[in-house]
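Each remark here refers to the structure printed beneath this line.
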């Protein structure tokens, strides 16, 4: 498929340059690094995120008010080098400590763990939270082994608010971990995405078939079916999620319906209609539900549903407004 | 391509139902109509928009704070029946008059003109503004003949703010018309979109080729080329726009880079980088520039660039924040 | 052989027309796909499916009421350009007419002439612009000439159908001045207009029904 | 025949290794596409292209500094899992070692054993998990056994290359426990691991360079 880039080697750098040139008052470049940070600095715990580009707005668009303080971008689907993350760490306010949040992929984990050691050597207190929301990648007992996907949007949002409230690093980490433990995602892929560098499909997906729990690079999922109706798809997604989370009537949740890029808002709203019906039927309390495209693997067909179980503490931080040019969450609640 | 719907006959209705069930505090259904309106009512001029679904968020997502008051949705790519528009007109506050804004397509124009007559018969004062921003569809001398595309986002935003400022219908119409006259769009299509009802491609587009000024349903454009680099594409788009608008150093503009759905934020930022460079080279003053997906023909590849020339009056209304779940424009200016 | 139609006959005739349009959905879609957006078939069939559903429930006192009901159903349910245009085709001709029990050929000619005028005021299209006008205007002229020539109702309606068909064929020779087809320029030559095709189907079925039920 | 390497020779050897990896980009990409995300070839080639660019500019006093520089370049420029892993492979083994002018076979064995340990601490992978460890650990054992057996530097390095290759072949027989390959389960059988392939290329070129330049 036709992709609009100049040269594969430059695309992440140029994406960042474009973003910064369009929003120069809000963000600045981290020197010598494919990374950015908020211009508006304040004396509080900073959140640094990072990962491979290619799922925009994730990473670059997650730096903002009530969100992350800075970010390091790797090449498409490749974790950023530790050096880049360390440079961001040094560039942001770090006197109150730094919380690293990334998805639980080997490359990210290895780099962030290494950076944490290096930051400590440089006298910067830091912690890592690896988001593990994808229920299809390991059993509930092995939640720590699950990979991280769109749920990181909600974890960063909650943790970002906790930083803004002036909490200590330990407290922010505790809340981020609580958010992470309560966040689960399940997805369906309906057509392949395309590598921006080559325009090549990332995997093969026969027309009329779909796969649940598939990875963005075509890693096999856990259920392959014929394309069903939107209602059937919503039912399958919710069945797995409700099963995994064992939600009851006393539970209060936030729900994010996240489109993968190719799938349109028209389709996402039709899915959302059924999701809301299922939640109502199960009499689970919906604190908030919304539709957005916050974790989009390059023109892929499909969507994910993320559910975060809330307690009063998480709700407090969840409710704080978040804002970046590509991550807008101002109004909360039904 | 796999599309997530239940039945083609129900898809627009179910999209609306889903949207309303997810955002029940902000919007309500117009009785007996595929249409919605803001719950929050106030004594001011109302804006009613309408058109065929299929370019979401356009139409449904344009009802919101600082935007339209209500909307009637037609089937995919089909103007809504006059009856539906009339029902919305009766449901919103109409004592101060109603401004209809739609794109300049025959079906929309015919229905809105008819509704205007019918509304007058019912004692409701109303006016129509047909947006004509697509520079590729008629010569500058025949601007009134041009079709309307993504530029309607900015016209609705400016007019919505004018309503909120408490202006009279005549004043709102004057400002909406000024906004419309100053708004121009040029687009490039890089891959076909897909009809949500059938999953069929809306047109054929050979791999490695792109077309400038093409219609969303495959209507021929004005320039067909091989796929070039992102920079070349940005240059071509801007060349035509600057030529048509004849902008000079004293002009101040707002720029919207609008993705069509399939094209990713990564690509849009790379395009945005070059667009900003070209504006800077031409020493035109950028009051605001932003990247979003506000007019998306169902998974189509490509983008449009819209430029609105601003004077101090337009700037005042342009700068007012606008908000709906799918149309967020809070921060203005570089 | 009857030389006029009452409300009941008009109702049956329009039900027959409606069925014909519904049966032609795919045919109209194919035509509109080539130089439009492909929704004309769906739009017409939605409108006339509603006619099939609602019309049988109605009781009519005058012939004009049947026209008005058909037009209103189309206007309220179709959407698109054609919702207004085909609504106008049936509604605008009977506005301000006194209610009549029977409609003669001259009444058909008058009613459709009035709606043709209204249609042109709305749509601003003329012969040669590759729209439904290219079929509708000749059909109206055919009715008027048949009145002058003293033809029977059935014969006059058959003349109208023949003229509509010629008009529809003529749309293949011209480029479009309106709507999505406009951007096709010279590429539209050889392709017929969807709206004109619908107009022909309507007049053809009016003629066929009359031939079958009035002769 | 020289039985040790000085800094200058190590530098030349690593330049040769770097060139080999850069030349293998497409080969590594193809392997990683089948059960990974296809970026291993690009990542390795980016890292070692930087080695090719930066290493010639450096002046080294001790042998360890060459290892450290290669590892740092990889760590700072590659990203991905392999940036850390291959960075560790060259850096961690020389940490806290006194600077030496010449490296003997026993030094190679010591340095790579230490980095293997560090790598396992970071990545938590063991033999049979279908990772680069499957090639690296046998290579290190090969070096250690060669020391015990009193082999020459060149012969010992050749033993390491053979063992690395066997390990790489072995990855075809097992399912993955880490990374994207994990989700392929039994489908990964028959496919070799990309990281293990890179380890083999590195040890093979170390052996080949030594054979060509020290024998």
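Residue numbering begins at 1 within each chain, and the chains themselves are lettered A, B, C and D in the order written.
Following the convention adopted for this analysis, a residue touches a chain if its C-beta (ideal position, glycine included) is under 8 Å from a C-beta of that chain, and two chains touch if they have at least 3 such contacts.
These numbers come from a predicted model, not from an experiment.
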Required steps from chain A to chain C (each step between touching chains, minimum): 2
Whole-Å gap separating chain A and chain B, where each centre is the average of the chain's CA atoms: 29
Rounded Å distance, chain C centre to chain D centre (Cα mean): 80
Intercentroid distance (Cα basis), chain D paired with chain A, Å: 33
Shared-contact residues (touching 2 or more other chains) in chain A: 76
Numbers and ranges of chain D residues touching at least 2 other chains: none
Topology of the chain contact graph, where touching chains are joined (line, ring, star, complete, other): line
Every chain pair in contact, whichever chains are involved: A-B, A-D, B-C
Chain B residues within the chain C interface of the complex: 52, 74-84, 105-107, 110-111, 113-114, 137, 195, 215, 217, 219-221
Chain B partner contacts - residues on chain C that touch it in the complex: 36-39, 42-43, 46, 75-85, 87, 122-123, 178-180, 183-185, 187
Residue ranges of chain B in contact with chain A within the complex: 1-7, 11-12, 14-19, 21-26, 53-54, 56-57, 60-61, 76, 190-191, 196, 207-210, 227, 229-231, 233, 261-274, 276-277, 289-291, 293, 296, 298-299, 301, 303, 323, 325-326, 328, 330-331, 333-334
